[in-house]
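You will see two complexes here that share chain A, one where it goes with chain B and one where it goes with chain C.
And now, the complex of A and B:
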């Protein structure tokens, strides 16, 4: 791994850590159990700390400087000297944003703007205030930390103490560097220098036993081992983090200074991910000395030799024996055991995922798209040849291609949960700005959808959530008057439904006021009469450009820009959006999106000489058009399907195709959302793997066509935009029926 | 076998002794070593040294001693002193060093 790559890894990891920090910060208020809180605080601290440490390795001083102050405050929180309240959480969130900004600037090579610099300084000032003003929590602190705890010395005090630090209070770090450390762009010396910023390096012992003579050595291989006597107040994780970039190919042992049992337990939990045997762990933690362990081992060996002839399975575990012998407290062993099983688990998890450049994935998908088209070509040639063996080979090939395609598309699938979780922050901030109390519920976070879709859905969703909070959820007094709990609820939900993914933004707020929307629409000339409009038609009006019913314009929303943009964004993803709302009860906004944007299973049909593809997920069944409807294009356009009225449209008419339809016509019944409709075609050609090619700019606006694809013969087929067609059918049907009503 | 009367091979290193220059420095040192097992290396021109550089010096020292000679380091630059001090290697090389007042 070169330096540049390492730096990229740093950026990626920093963003992840910052995200975790934010998630934890937002979650912390809801945590009641002390242990959970402590764990969250530790995680937040670790995130800040790791970023600082890694940034230090790369010499990104700006980030180090800022995160150092942040870390100091977090450290006080961690040691219970400060209590994390809502103000502090908000401050930390702002700090997280600032670090994010700093990291982003390093990534893009940008320069810190004056205003951002001022923000940074203001944040540092706020943080420093916490550092200077000791809160009156010292009593609490003493309760949790018995008198034996080692004093929290500041570096200054340490220096003035004159270097007379007792050996026992020092950390002992032994590290054997792997051969590739230097080649990977890491220098042990810079790690030591970084370590020096966390405490005092009392002594470094250099061991070069592995180093051969000059003629035999490889100048770029690392042969060095070191033993470092290190005096620091930093904790194990902190010290460990200095070795983070090399720990994979190095053998590192970090021995903590003499300490309390409770500290040992936490230290065992913080051990690096080495496969350590429990005895070694205990010695490492200093709980047992080498001599004590040797005694225990000897005891075990003696017992074993006594039992050698009997069952080997009855061997007493070392951990148990250590406790029995009275050397350590059970709690310590338990923590050690827990750590061991945890290590196994993380190891298993680590192997489960790898990072891949998104570009490589896109390239793969493109290639597979071509492969699918080429495969279709092979199929056609095979069919023409009429040779059975050729046909068989071709069918095997297409089955495999299909599997490869599904697998490749699956690679691009990501869970929407992460996107949802981002909204915790949005809700927190916006609710705070507006002085409302709002809880965000998330469900269906494990629903998967295409990465590109996930990326593009963020902005529209943010807008909808903000809208829900600002316009949807009422102020506390109105809520009380309506008999609702003071705390408003916004619910984000996602699920799969017939080839689409549905994302819902639901709130228990005021709902949409139909009359108000209609009045506004009339005023703006968007509708001519208020009669005969269904609720959903009325609600769709709020997606018109420049439409806002808010009485007051807040700085969050209400200017009437936005909802139209939301709809455009969703439609650009071949999705649609619908609203269900009940005045004073709440609103549900439902976004329906296609699962993927690249390749779909299609259903190929023919009308005249043209081929059309219908996304297979939306096809419910195919039936023959009933005789009485044959050749009656001018007549009714619905028929009875097993007693149900089914509206249909003739694609021949819709796309104005010349020629007469054949003797038989088939109806493909499609479903979108809750609506079903029939599409009349000449011939059904069956399933077809469809690689979606976008239409040119010229054809983008054509209703009813969603894209194009290339058939195996090289011909072009158009992909039908079913949502749009279904709407057209239903609307036509609606007109017909209202005309009928007028006649009556 | 005593090589002390052998004329020491002298060389002044210029620039950095790091992973980037390690390969070429090694070749140079190996050439010097094949001529004489007593080397005197002037480090005044070293403006940067890392673990790779330190390793080279240690390996040279080892090989010199194995052949009955020795490696002497002279005129350490501040950068070199700094690193030797950090790694506690000054005594291992055993060369007199000049500690500057600042």
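And now, the complex of A and C:
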């Protein structure tokens, strides 16, 4: 992998890590279980740590400098020296944004702007404030805590286990000789001498705190404890061998020198990608000896069985225990833990995904589009030839092509969950700005839709969510007066419905005030009379440009720009948007979008000489036009379908196609949303998979035609945009009937 | 280039020096010309799919080797009755610059133009091109890039970007509602 590629990977990974960091930060407030909180904090720390480390590799000093401060504060949080409160979360979120910015700048080759630089400095200042705040109490607690859980420890070992004492480049060996050492014929002095052969004993501290008064002292008992500062190139196992004969009844802690930590960490990082237990990993890198591991494991087992009987607490992780026992420095365990989680992650990721250039994917899908058309051509030729074997081969081919097509389209499908999760942040920020308490509920995050659609839906959704928070959710006192909980709810939901995806933004806020909207619409001259307007018609008014009923304009919304943009964006994706709302109860905004923009299953029909494709998911059934409706284009345009009124339109009339309809006419019954309608056509030609060919800019304003496709014969067929087509006819009907009324 | 522009100031003529070859064709008995650099190919008329609810000058779309290309009836575009299809009727495929919006930069689009018959490719020297007359050509002045003198006769050189302005044509297509087209 070249440097450039590695750098690209760094950018991609950094963005992912930052995203994870944000998700975790936002989630952390809702976590009640301590363990989850700790896990989240660790994840946040790891993200910052990894970014810092990788940035260092590439020499991106700006990022390293900033993330270093961030990491230091996070480290304190992680070691419970600081408590993460709402302010700190906000600060961390801002820091995350700043890191994003820095990474983004490196990616685009931009230069840090003055204002951003100031932001960065301000953030560093805020972070540093946390670093300086002395919180000694918690530190103290932490130090005494292990002594209770691990009786094997003495104060001596604890000091070194804390990591603070070890500050030079020597091994630290603490040994508390058992009382029977002398009686067993062992001389501590000889051990020191033996140690001397392996390296230099820099310093020996002797502790007599166990020594009783002279009258009680037994000269044959050993009361001594030593702290040895030992300089040696030998590894831990060798050093341990010096105490081989006394380790039975002595408490020995051998702590490697600081400079070794880096070595251990790099050894751990360099370990092959196997599933290793943390203990094995530590032994392999030489920081833990087999004996120590066995002892700790035995202790862990004992503790576990003891706990089972008392039913208290959970299993203590091995890593924690070896640190507490003073066998290993925390930094080494941290590295080993990281390695372990990395191994798990790479394992998971290998199964999950590979990265593919989006352009390659698009090219493949375009090619498959051509293949689909060519396949349709082969089918036609096969049918014309009338050869059974040819027909069979062709049908096998088209079945395979269909599968390939579905598979290829699936490649483009992504889950909407990630887009939804981004809104945690939006809600958090906006709610904080407005001083409202808001909970964001997310469901249907695993609903899949086309990547292009996902990319383009972000902005309109953001707008809708902001609107819900700002205009929808009432202030706390109004909510209380209306008998609602103080905390407002915004619900994002997605699901599949008859070939389209539906995205809902729902809030339990004040709802739309029909009268207020109408009054405003009259004032603006958008409507002429307020009579006979259905609720949904009234609510559609808020999508008009420049329409706002907000009494006050906030910096979040209320200027009346936006909703029209939202509607335009949605319509550009061949979708539509509808509103359901109840005053004082809440609002639901429903966006309906096509699943994919590239290929659809169509139903081919013919009117006169022209072919049209109706999206198959909208077709419910096909029936013959009842006798009495034949050739009665002037009469009423509805008939009874099993007792229900079904309005229909004649495509021949709607599209002004020349020629007379044949003796038989068929009706294709389509449904979208809650609307059903019939389309009268000359001939039904059956199902047909089609590649959507955009009609281009020239036809971009056409309503009722969604695109085009090329048939096997090479002829171009138009794809009908049913919702728009029906709307057009409804509007025209409305127009004509109102004209008639005027005339009377 | 600057000297050229200066010399022709006050007229709407701005013919790049290299564009001296023109394709001439007949439309309703009159001869027109289009700069050859914009022309991609000339194909036989046929297999046209009509698009409903569009103004009359948009004849429909054709399948050009897998791409869907709109076809314009130039006579209708000039506000005259549309052309009868004969054996010699052709579609000239022309590449048009589409001025993009804020997001996408300008792209090109292929547009087909129906002509009664194509004649030949002519070289017209820059000095043989006169500015368009203020009136009398029976078509909009901004459609005319210049009047080329060929064998003592005038040929109307069309301004492709104005005649086939996608923005303008799309705007004309707007408001064409169901059954009012």
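Here, the second predicted complex is superposed on the first by the 517 of 744 C-alpha atoms of A that agree within 3 Å, B and C clash if a C-alpha of one lies under 4 Å from a C-alpha of the other, contacts with A are read in each partner's own complex, and residues count from 1 in each chain.
Rule of thumb we're sticking to: contacts are C-beta pairs under 8 Å (C-beta built on N, C-alpha and C of every residue); 3 or more make two chains touch, one makes a residue touch a chain.
All of these numbers come straight from a predicted model, not from anything done at the bench.
Trainee: For A:212, using the defined touch cut-off, is the partner it touches chain B, chain C, both, or neither? Pick first, second, both or neither.
Mentor: first
Trainee: Which partner chains sit in contact with A:220 here, chain B, chain C, both or neither? Use first/second/both/neither.
Mentor: So A:220 only meets chain B here.
Trainee: Touching A:701 in the superposition: chain B (first), chain C (second), both, neither?
Mentor: second
Trainee: Kindly classify A:414 by the partners it touches after superposition: chain B alone (first), chain C alone (second), both, or neither?
Mentor: neither
Trainee: In the superposed arrangement, does A:361 touch chain B (first), chain C (second), both or neither?
Mentor: Touch partners of A:361: none, neither chain B nor chain C.
Trainee: So, does A:623 touch the first partner chain B, the second partner chain C, both, or neither?
Mentor: In the superposition, A:623 touches no partner, neither chain B nor chain C.
Trainee: Mind listing the chain C positions that touch chain A in their complex?
Mentor: Residue positions touching the partner: 47, 49-54, 58, 60-63, 66-68, 70, 98, 109, 111, 166-167, 169-171, 173-174, 176-181.
Trainee: Mind listing the chain A positions that touch chain B in their complex?
Mentor: Residues of chain A touching chain B: 177, 182-183, 185, 187-190, 192-193, 201, 203-206, 208, 211-215, 217, 219-220, 222-224, 226.
Trainee: Sort out for me which residues of chain A touch chain C in the complex.
Mentor: 370, 373, 610-611, 653-657, 693-705, 708, 710, 714-718, 725, 728-729, 731-732
Trainee: Could you please specify the touching residues of chain B with respect to chain A in the complex?
Mentor: So the residues of chain B touching chain A come out as 19, 22-23, 25-26, 29-30, 33, 50-52, 54-56, 58-60, 62-63, 66, 83, 86-89, 92.
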